[in-house]
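Each structure below is given as structure tokens.
Shared chain: chain A. Partners: chain B in the first complex, chain C in the second.
Our next item is the complex of A and B:
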């Protein structure tokens, strides 16, 4: 199709808008409400053009380009109209900096960053320097605003985690509303009220948290103004470097861009599609990286326990001390705790270190042990993971998958399938954003596992089970997994197991069937002379080993280590991981390691060298990769014939709630994400009883009230956290502490207000 | 503890607080400041005294929410209390019959200029007060000021009230109004005070600025508030806070004020969920 834009004949595909046709041919039309990922809205009226034969000034973003059209995008009249439209927008926007004669001097002079309060101009706006509105003003050209200035004086909304909202800056372009509905299929956001007091947000004055917001940040990514400000980087300024890397928080290893400024990670964004993509990240990838990477508990240098205290020592000396501690220790006297968040390169060197230098095969991981005894079969099922199966199946059954705050790209694919008519069934305790599209929902766990699952897929030809990490914790986890495994073995169904850790496959490949061999046994073994921990230990008593070496990006729990070695954190060292479909993903270095920290493989190599080895002199991660055998891939895991425990009984009438427990498996190097990132703790706090808001009201409790949970003889007290994600009668407790023990999981309990 | 008698937002980001501190209220003079804490064990920050009532024993403070401590202050309500209010600190602004004095104020300085203008007027000066801000909705205090000056000039960036522009416009406005100055006194943000020192230089009269470096004790002990003035080292807390802006080493001053910006970001970055920042 050919049309003429500004006297040039341009080619455009059938069905495009004038705006897109112009863009493709290099003609920039000012626009604010349009966004390439969203349906046209025609709200801002900046993109007006003249079309021969059409009356008035149609908006280019909503008008179809047609064969033979003649379009003019700049005429004196259009320019004038655009200036008026923009002035009207800016008369209700704190725009004085855009017109200030001292703007440049002020910007270069800006003494202190204004870190709090309300934006009253570009110089104190979080969007300064990367603002669509600023760009449009620049291109349209404005010296003054002829309309009366109106400041709406709407209180800034700061109560939700991760981002603040100042609707005094909002130009009501509706991009956030559309991305929330169209791309995320979530629907938390809508236009509220009318006229001058119109803002954006959930209906009925609920908070975003209450309304089911996933805090995916898509709205922030597309907002053309500073209305939505990321708490964690509001005042950090524009990034000076962007690195394409992978998210460190789960087995999907989503592509993301790491934004850095002055060699510090200040934020992340979904991969750059050139349009500031709204993207598919979950809250962890979108908001948690910088907070975890810059956490106050990050280690900047080594330290050693000496008589009477802890002493900071230089790295050289720390390496020597480590070599000294390890001298003469061999075989069973040495044990090592590994992390499923380490890269393949780190794991490979750690494995060589333990096996070749220390002659020990005592390797384990507390993070893996926390996933429970079903992790072996879970990984066995996961070995057949193929992401493409989502699109190729005719029935998707999600079991134990909570898509609220994780695995968003999978959820979006499932929802897209469900929307287009695919059968979608959920089995789980939590009402997640996919629930509204499910044909059937069943509480987890199911009794008579195999028969029940069989029944769910009875009419399907190519069923797919999507197993979330929550499948791992009920008492009958192994029976459920055995049933799914039997389906996949016989070819009756496919399965996709969602791995909660970055490189769980890598660790499984290194450890093979010793993977789940108890880490806690190593912690309690007094015969161990040196315990080398590459993950933070759960708090609690000091390990029984004579000496403990702690190597992590994060400070160890109090007094649990004799030697502390600072490791590079996320985004601070290059490496590879195996994603949940078994593909290698590349993690790139975005900033230098903090302080004197080093990549894990470098520290281990230096110690091996100090102990007299000459075969640990790797120049870089690439050299390690070349050394790793190609078979450094999944090894078969233990089989699980005949392992089932009884299904949970239905709750008796005097114990009307069903309590589900799970560990805080969202973690990095053994540190729970809800301990690293306060906003994440608002979403999934540890040690709280999450309860349906209606149930909470019936009990007369509100957020933070203490309740007594009773089951048979056992009882314990916890604060409550009302959450709309829970169905009535369901409770969830995230707890790392095994002392919070109830007779079963899930467990029928009674709740009482204390 | 020092009881808070009044606390309210004035305009976006600026708050007014009246706090009981009888000993300070009994002695304070225009241009002096106090050091306050928002919470026990919290940071100590200097704030200029914007007004006082010796009889009632109260002080008025006007502050801008810019970081951890000032947002904690902003969250305080009437009936709360501050653990620390020490002062009066610093030297009072010199008040003499100078003739014609032009006071310039922006941001929190619109508050602290009031007692200065009042005292100048009482000392028999012809007083012109110019207040400036980005937009009409950010200006405050004009009614109170009007009673203590001969001419009140308002400047906004967007022209939504008074003259359109920035401090650079003031000499021209003064010429138009036939005002000549024997002395300039400028209170407000560092940018305003520095630009004013340049803009008024040609007038050949003192340009008194009230400096706001980072301070800790406010009594000349820590040295944090050091600056170079006329080639010599001074401590803003005991030698100032008023200085002739024409002799201040501004480059160094700015560098020192910016010194802890990265550290100041820590409390706001590791937050996620609290209101208080």
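Our next item is the complex of A and C:
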């Protein structure tokens, strides 16, 4: 199809709008409400054009391009109209950052009132320098606003985690509302009222947290103004470097852009089109990266325990001390704990270090142990993961998958399938954002797991089980996973297991059949003289080892280690991980390491060299990759027989709540994410009883009240956290030690207000 | 999700409305009217029920209900008085009329008298410009009116 735009003949595919056709051929038309990921809206009226034979000034974003059309995008009249429209939009938007008499001088000199050699300039808006509105004002060429500016005086909303909302800056373009409804299929946001009283927000004056917001930040990514401000980087300014990398928080390793300024990570964005992409990240990838990367507990240099205290030492000395501690320690006297968040390169060098230098095969991971005894069959099922299966199945059954604050790209694909009529069934304790599209919802089965699952897929030809991490923690997890494994083995169904850690496949490849070896059993056998904690410091009391070497980006708890070695953190070293469908994902370096920190493999290599080895002289991560056998960087194939425990009993009547427990598996380099990022602790706090808001009200409790949880003879007290994600009668407790204090999981309990 | 359900005698009407339109979502406005007839005003629970019935988000339904001035989010008084302040009425003194009403009732536009009897609302165009300035008492037009007539009317 051919049409003429501004005297140029351009080619455009059938069905596109004039705006798209113009942009594809390099003609810029100003616009504020349109966005490539959203349906046309025609709200801002800035993209008006002239079309020969058409009356008036149609908006380019809502008018379909047609064969032989003649379009003019810039005429004196259009320019005048656009200026007028923009003035009306800005009559409710504080404009000191858009129009200022000093603007020109400010840009080149930046005046200051202080008699010092510093430049300041105004900081009136957190979005200054990365604002669509500023760009549009410039392209339309508006220099003054004829109307008085009406300040709406709406209080700034600051109560929810991760982002503040100042609707005095809002121009009501509706991008946030549309991305929340159309792309994220969440529906937390809508327009309220009308005319000059129009605002944006959830229904019934609820907070975003109460309204079921996932804090995915898509609204923030598409906002053309400074209305929505990321708490963590509000005044950080525009980034000076952007690096395409992968998210470090789970086995999906989503693509993301790391934004840095002055060699510090200030934020992340979904991939692709600069500041304007809506994207599919979850709250972890969208908001938690800078806080984890710049945490106050980050280590800047090594430290050694000496008589009477802890001494900061230079890196070279620390390496020598490590070599000294390890000298003469061989075989069973050496053990190493590893994090499933380490890169393949780090794991490979760690494996060589333990096996070749220390002659020990005592490798384990407390993070894997925390996933429980069902992790074996879980990983075996995961070995068959194929993301494409989501689109190819005729019935999707999600078991133990909580899509509220994680695995968003999978949730969005499932919801898109469910919307187009695919059968979607949910099994689990938590009412997540996909629940509204589920054909059926069931609680976790407590008995006859195989028959129950078989019944769900009875009428399906190509069923797919999507297994979330929460499937791992009930007492009958092994029975459920054995049932799913039998379906996948016989070809009756496919399965997709969602790995909660960044590189669980990589760790499984390193540990092989010893993956499930309990880290705690290893620690308590009394033979260990040196324990090397590679980003994996066991909780609880200091392990029974003579010396503990702790290597991590984060400071360990006081007096838990004899030698502390600082590792490079998020975005500070390149590496590779295996994603949950077995594909290698590349993590790129965005900033330099903090202080004297080094990549994990570099520290281990330096210690090996100090101990007299000559075969640990890698120049970079690429050299390690070339040394790794191809099989190491492949999805491990496992075949493990898990034992099956008996099904749990049905809850008795005097214990009306069913308590589900799980560990805080959302982690980064061996540290729980809710301990690193306060906002994430608002969503999924450890040590709290999450409860349905109606149940909480019936008990007469509100957020933070202490309740007594009773089960049989056992009782414990926890603060409550009302959450709309829980159905009545369901409780969830995130706790570092899931086996503690209750006889079973899930466990029928009674709840009393203290 | 909501605690509220449609009363048994309203169910046939709900079914009929859902079948009237090609898309479920389109039944939202008539369902909100139905809810208002049943419960007197569109309570939060009623809005959540309508949202659930047409399968849209509660925020969407609440936004729609708050857009149209004929839906009451709070219990209206009997009588409920609407004063039009759009162009035709405004030219003929509607702002003054509204102030007279506010003074006489002792409340601001958008409020209800403490005894719950009268409620007053500043309305957009009520579609009777030929009778400007105009106000509505419950479902009846009153106009054109002058200040004296309004004062007399309110005394009644």
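In this text, the second predicted complex is superposed on the first by the 711 of 754 C-alpha atoms of A that agree within 3 Å, B and C clash if a C-alpha of one lies under 4 Å from a C-alpha of the other, contacts with A are read in each partner's own complex, and residues count from 1 in each chain.
One rule holds in what follows: a residue touches a chain if its C-beta (ideal position, glycine included) is under 8 Å from a C-beta of that chain, and two chains touch if they have at least 3 such contacts.
Worth saying up front: this structure is predicted, and the values here are computed from it rather than measured.
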item: Contacts of A:105 with chain B and chain C, given as first, second, both or neither; value: first
item: First, second, both or neither for A:181, with chain B first and chain C second; value: second
item: Residues of chain A touched, compared between chain B and chain C (which is higher); value: B
item: Which superposed partner A:677 touches (first chain B, second chain C, both, neither); value: first
item: Which superposed partner A:574 touches (first chain B, second chain C, both, neither); value: neither
item: First, second, both or neither for A:376, with chain B first and chain C second; value: neither
item: Partner chain in contact with A:406 - chain B first, chain C second, else both or neither; value: neither
item: First (chain B), second (chain C), both or neither touched by A:340; value: neither
item: Those residues of chain A which chain B touches in one complex and chain C touches in the other; value: none
item: Touching residues on chain A, where the partner in the complex is chain C; value: 181, 186-194, 201-204, 211, 436, 694
item: Residues of chain B defined as touching chain A within the complex; value: 12-13, 64-68, 70-71, 74, 134-138, 156-160, 164-168, 189-191, 194-195, 254, 257-258, 261, 264-266, 268-275, 277
item: Of all residues in chain C, those that touch chain A in their complex; value: 3, 44, 47-48, 51, 55-64, 66-67
item: Chain B contact footprint on chain A (complex, rising order); value: 94-97, 99-102, 105-106, 109-118, 120-121, 144-145, 148-149, 151, 153, 158-159, 161-162, 168, 231-236, 290-291, 294-296, 677-682
